[in-house]
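You will see two complexes here that share chain A, one where it goes with chain B and one where it goes with chain C.
The block that comes next holds the complex of A and B.
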């Protein structure tokens, strides 16, 4: 593989892996705290699924760079993480976590759909595998948005408030990485603009069905570089990495 | 103890038929349809397997158990490869495997033609206790990644179904 392609692809894979890992960790915070037992089970399962997907992306990243997933996860600082800010925000209330998960699931859905046809076969194979599991997520969160949006005044108000905060953050998922054009040209990864269009029409239509209004887009103020993070990521990593860092040489 | 060169792929497969899924200990990795290939060469044995659900914590245990089972046959070197392609499907669980799931109390996954989502939410599961399809899905997620929770309106008891993938 050409060095420019390898660098661009490994940057992309790391972004995808970090998104899944950080979201999985946030979602796992609901384990034991979800509003009802059935949801506790469901959301914990989804967190575990995302962790599995993260490990696939870290694996592909490792094949290109020789780096080890556990070192990457437990020994990088916040500034070295490449996840979008969307997934590091504190879990908020139930509506906040559901709206976030829905926006993320929809982004994964449109991305995986294109990646199934990627010219880099390990990426295409992984996308096909992950897409089968993701269909359960999108259906689940899509239904939750309907329940919240069309439920009571209280549930609608909470879902709308969450959407107002999260919509601008979600757009960061579609900010091109500096060398994405190399990947687009090689047919490895779709153009971010294309994904954004597909995601926008998909989510707008469903959100409207749920009685939710997409906020004004005049200020796409969260379209920042993925090296930039909120203070929440540091707090998250402090919890996630604390045990591994107690004894970095320990074997698990 | 036999030398690795005398081992046959068939003998390895027979041994794998005794390696159980740690979360559903009545069904073997062979019945689950996750063994993609067995290759025996003078250099050792290579078993190629596919993960069921990619986040399944049992994957590591199955991998270890497969390796141990082949080593017990006398192989000197065993490599267990995990591949994602083709993506594993519940369609590959054997008929015997489906029957074992039912006897274990887990409704087998509904058949689908490559589109699990088309049946996952619409086909009614058959209660493994009384055989009734007068059932209601309670949760598309369950106690492990591969299970859904149902309720039988005849028995008035909850049961689980292996999730179609």
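The block that comes next holds the complex of A and C.
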């Protein structure tokens, strides 16, 4: 593989893996605390699914770079993570976590749809495998959003408040990486602008069906680099990495 | 007054030629979410090709003894006849309450359907009979099948698949660091 393509692809894979990992960790914080037992099981399962997806993307990243997933996960600092800020925000209330998961699921759904036809076959095969699971996630969160949005005054208020905060953050998922054009040209990864358009029409239509209003930004939010993080990521990593860092050479 | 969502009985089909079998129940605000919860609770790992959910309130249940004592027929028939799905518990051996789908009957009430079922399916050893209107069943759509199949391909790891178990055994034996 051409060095420029390899560098661009590994940057993209790391971003995808970090998004999934950090979201999985945030969602796992609901384990034992979800509103009802059945949802506790379901959301924990979804956190595990995202962790599984992260593992797949780290694996592909490792094939290109020779790096080990466990080292990447447990021994990088916040500034070395490439996840979007959307997934590192604290879990908030149930509506906040559901709206975030929905916005992320929709982004993953439209991305995987394109990746299934990626010219890089390991990526296409992984995408096909993950897509089935992801369509379940999207249905799950889609159904929840409908009930929150059209439910009681309180559920609607909480879902709308969550959307007002999360919508601008979600756009960072579609900020192109510096060398994305190399991937687009090689038919490996779709153009971020294309994904943003598909995601926007999909989410706007469903959110409207749920009685939720997309906040119109007075000023477009600037494109935030994936190396920039909120203070929440440091706190998350401190918890997630604490055991591994107690004894870096421990056998797992 | 309860703050619990209604309960739905869940029936799982393991193979396309196998029966729908009651595997337990879930709480959910409606049938659509009940199916979703059922999938997460009962079909995350085990073999599954289809799920049904039925509101607990729509199901009538009688033991064979109650039916023999004429319990169900005493209930007055209510109006027109309809189609009912009937289920029976066929063995005491299982520790769980396995109740299998047997078929459909026509009856004038859900209770009458129980007696009709016991009279119709005489080759089925019915220890307990369940019945519900067929329209009370919500079935998973055919489009769920790829998802069920994907679930069975997931690796279920036993604890001994991790090095940790052996490491802990070594530490207990005082062999740590002797490699």
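What we mean here is this: the second predicted complex is superposed on the first by the 248 of 252 C-alpha atoms of A that agree within 3 Å, B and C clash if a C-alpha of one lies under 4 Å from a C-alpha of the other, contacts with A are read in each partner's own complex, and residues count from 1 in each chain.
Basically, a contact is a pair of C-beta atoms (placed from the backbone, for glycine too) under 8 Å apart; a residue touches a chain by one contact, two chains touch by 3 or more.
Everything quoted here is computed from the prediction, not taken from an experiment.
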Simultaneous placement of chain C and chain B on chain A, clash or fit: clash
Residues of chain A touched, compared between chain B and chain C (which is higher): B
Which of chain B and chain C A:222 touches, first, second, both or neither: neither
Chain B versus chain C as contact partner of A:140, first or second or both or neither: both
Which superposed partner A:132 touches (first chain B, second chain C, both, neither): both
Touching partner for A:42 - first (chain B), second (chain C), both, neither: both
Chain B versus chain C as contact partner of A:158, first or second or both or neither: neither
A:26 touches, of chain B and chain C: first, second, both or neither? neither
Chain B versus chain C as contact partner of A:171, first or second or both or neither: neither
Chain B versus chain C as contact partner of A:50, first or second or both or neither: first
Listed stretches 74-82, 110-118, 146-154 or 164-172 of chain C, narrowed to the one that overlaps chain B: 146-154
Those residues of chain A which chain B touches in one complex and chain C touches in the other: 38, 41-42, 45, 129, 132-133, 135-136, 139-140
Complex contact set, residues of chain B against chain A: 53-57, 83-89, 116-117, 120-121, 138-143, 145, 149, 163, 165
In the complex with chain A, residue positions of chain C that touch it: 5, 26-29, 32-33, 36-37, 39-41, 44, 146-147, 150, 162-164, 167
Contact footprint of chain C on chain A as seen in their complex: 36-39, 41-42, 45, 129, 132-133, 135-136, 139-140, 143, 147, 251-252
Interfacial residue positions of chain A with respect to chain B in the complex: 38, 41-42, 44-46, 48-53, 55-56, 121, 125-126, 128-130, 132-133, 135-136, 139-140
